[in-house]
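Read through the structures below before going on.
Next, two complexes with chain A in common: one pairs it with chain B, the other with chain C.
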Partner chain A sequence: MSFFSRTLAILRKDLLAEWRTKERLSPMVFFVLLTLLVFNFSFELGGAALHEIGPGVLWSAFVFASLLGLNRSFVDERENGCLDGLLLAPGDRSAVYMGKMLGNLLFLLAVELISLPFFTLFFNLSPGPFLLPLLGLFLLGSASLASVGTLFAAMSSNMRLRELLLPLLLLPMVMPALISCVEATALVLKGDELARIAPYLQILTVFVVVFTTLSLLLFEHVIEE
Partner chain B sequence: METSDAIAVDRASKRFGTFVALNQVDLHLPAGGVLLLAGPNGAGKSTLLRLLAGIGRPTSGQVRVAGADPNGDPEARSAIGLLSHQTLLYDDLTAHENLLFFARLYNLEKREERVGEALAEAGLAEWRDHRVRNFSRGMKQRLALARATLHQPSILLFDEPFTGLDQVATDALSRHLRRFKEQGRTCILVTHRLDTAADLIDHLAILRRGRIRHQAPWVNGSREELSALYTAHLEEQS
Partner chain C sequence: MSARLSNLFAALVFLSMIAALGAVFLYVPTERTMGLVQRIFYFHVPAAISAFLAFFIVFVASIQYLRTQEMKWDRLALSAAELGVLFGLIVLITGPIWARPIWGVYWRWEPRLTSMLILFSMYVAYLMVRSYGTSSARTPRLASVLGILAFVNVPLVYYSVNLWAAEQQLHPQKIALEPPMKYTLYICYAAFLLFFLFLLQRRLELEKTADALTDLQQQLSDD
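Entry: the complex of A and B
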């Protein structure tokens, strides 16, 4: 069976289960909205403060929301021994990683798209041409988080202190991607030219390619007992 | 390894850190054989079954199932079905969705048809669109058996399959096991229910502290004889 068919089967199953339960999306969305709301009242983010701390607030909210979703992605598979069912199936086990990674990416993108109108509202932004490059940044930033996060979520899923371990592993590793996202978002909100944003997009693209490839190679060893 | 051996374990060991779960285990079972793998808690039975299923990897030694290493040859795992005390099912999906997901993973042809047949065989056709979360333990185990045999594996591994089942469900599962035996499928059964297993098996292995202490064919032995042999081995070793 092809790698892509297995990947799609796992992705489809994860989306269906999430559609039923909303166990991952709901807490992620509420966390991001609450964070934006709290910072909005704390700092009066409209105006000058927007470009200073707005992008940092936004991406911090996304990163911590992603931890909520990533933590659940393999915990659900441990219930009833479902992960054994996946490992027992024939074919390349890295398809499990790819299916899970794409699921995490889609969930994070959904959270970002839902929270974008609230971000523009709280931060007094008028919808404008900044939205298109911002969506591109969301895609690359989310892919960075999902590529590394899915591997670490698999590693930590069988441990008692997984809620603590996952951020400890993930946050230092995604720091280069996170800094690029924050810097690029600040430039986008200022309305800078795409040429100034391009280096950050390149860093993020390289980050995604390198860590996705490494994770595909390492996943089988990570997931075994 | 005999050419007809469906299962061949040669000097397989498994360590978790400093803990030795399996120590130089040798186990051979011909195609079509039904083996009872007995032993006290912590003997290493489930670990051995996980190695046979390709879910774990031996620290040393060799495991071959249907002539192939289930870890080295990923496609070889399509010959294996595993039923354990855990269902390996997703509670938030329906019975139909669960089986369809596994049918996709195993790349089965005519998936809908095969899933429909499996649900009917399990007596769950009218429950196909109900979430597994709402099933009784017996229904879940019937669905788990349907999942384990959906791809019609030639080798079936049962890890404490009777756990939590009432007498009616236990009898039904025993009937399925007998049918698999008649179909010529190779089965390994791990259970503490020796009385239930005695009529089903034709090979017996006793595992204790990670080592095979006894392995022999079991022909027409009674439940009492099986129980006495098992107890004698445990007492002898203690």
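Entry: the complex of A and C
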């Protein structure tokens, strides 16, 4: 089997398992809503400050929700001894990373798309002109989180204090991506022209490309028993 | 390194530190606008350089460990990471002491401060993984991967933070120094570099002894 078809096989397996159990998607979406609620009370949203902190609130909720999903992505495999089977499969192991990474990306995108209407509702935004650029940002932002996140999830699933260590590893690492997402989202919501958003898109693209490549190269070392 | 050589090294570090203190407090003139507090500059900047050197050593040692699987590279990465966090902490402590009288606040979300804080937290996470994360056999491998990723992230952190807070920039991008100030800075660079290398060498020695002890215990329990 080629790298591509093995990646797809793993992706298909993850999507199917999620489709049947919905163990990850529903808790993640609910978590995003709860986070929006918590932020609403901590900041007394409404009025002028909304546009200032809205993007930050949104992305914080996404990052925290991504931690929930990422934690599950390798722990489930370990609990059922499935990971050993995956590793025994012949061929390059980086396909396991690629499949898992794409799976995490899709879950995160789904969570973001489902919670976007609630965000616009709670924050009294009128969707429309900024919808398309926002979707592009969601894609790049989720890919950034999924790229390092999947590698760290594989890493921390090997560790004693896994739920504790994953955020400690992931949060400082994704800071460049997070800054870019928040800033670019703020610019998009303000209706700024694309020229000012472009540098942030560049950072996000570089982030995704660099860390996906490095993860593909290093995955072998992380997963080896 | 033999004990004698190591003691000689310690003496050299001691003398260079005395020279640095002498230069900072006795030789160099007080800066005209900032006054006495500016002298913290001679510790702040060399500490920052040492921290970056440490992070670079972690990066190289991590690559080398993954290539060769030799424990000496892992020991080097661990020792350098600890020192990087230590010197990073010196930078983050001396910075606010200097900032308070000059900028009027201890902390500003200014590009260099923010970047340093992010880098610092990445390496603290690295050390946490090392100490609580895993069984000893897996630690070096996971830590190496982390050491590589963290260093690759450095330019991205800098670029994004600079873009984010460009108008907040308070650190001078270029500084022109009077000759006495320049010499003092060079002396401090040398003193901090020697101090860094000395700590690194001692830390490596300690780690090597600890590994040897573990091996001995292993052998004894096997018999």
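We take it that the second predicted complex is superposed on the first by the 219 of 225 C-alpha atoms of A that agree within 3 Å, B and C clash if a C-alpha of one lies under 4 Å from a C-alpha of the other, contacts with A are read in each partner's own complex, and residues count from 1 in each chain.
Everything that follows uses one rule, which is that a contact is a pair of C-beta atoms (placed from the backbone, for glycine too) under 8 Å apart; a residue touches a chain by one contact, two chains touch by 3 or more.
From a predicted model like this one, the values you see are computed outputs, not experimental measurements.
Undergrad: Between chain B and chain C, whom does A:205 touch in the aligned arrangement: first, second, both, or neither?
TA: A:205 contacts neither chain B nor chain C.
Undergrad: Thinking of the overlay built on chain A, is A:26 touched by chain B (first), by chain C (second), by both, or by neither?
TA: Once the two structures are laid over each other on A, A:26 reaches no partner at all.
Undergrad: Figure out whether A:161 sits in contact with chain B (first) or chain C (second), or with both, or with neither.
TA: Only chain C; A:161 stays clear of chain B.
Undergrad: Which partner chains sit in contact with A:173 here, chain B, chain C, both or neither? Use first/second/both/neither.
TA: In the superposition, A:173 touches chain C alone.
Undergrad: Between chain B and chain C, whom does A:124 touch in the aligned arrangement: first, second, both, or neither?
TA: The answer is neither, since A:124 touches no partner chain.
Undergrad: Give one of first, second, both or neither to describe whether A:224 is in contact with chain B, with chain C, with both, or with none.
TA: A:224 contacts both chain B and chain C.
Undergrad: Which partner does A:90 contact after superposing on A: first (chain B), second (chain C), both, neither?
TA: After superposing on A, A:90 lies in contact with chain B but is clear of chain C.
Undergrad: Touching chain B in one complex and chain C in the other: list those residues of chain A.
TA: 224
Undergrad: For chain A, which residues count as touching chain C in their complex?
TA: 148, 151, 155-156, 158-161, 165, 168-169, 171-173, 175-177, 179-180, 183, 199-200, 203, 206-207, 210-211, 214, 218, 221-222, 224
Undergrad: Within their complex, state which residues of chain C touch chain A.
TA: 66, 118, 121-122, 125, 128-129, 132-135, 138, 141-142, 144-146, 148-150, 152-153, 156-157, 159-161, 163-164
Undergrad: Which of the residues in chain A end up touching chain B in this complex?
TA: On the chain A side, the touching residues are 1, 5-6, 9-10, 12-13, 16-17, 20-21, 76, 79-82, 84-93, 224-225.
Undergrad: Within the complex, which stretch of chain B touches chain A?
TA: Residue list for chain B touching chain A: 16, 50, 53-57, 74-78, 80, 82, 84, 86-93, 97, 101-102, 104-107, 131, 147.
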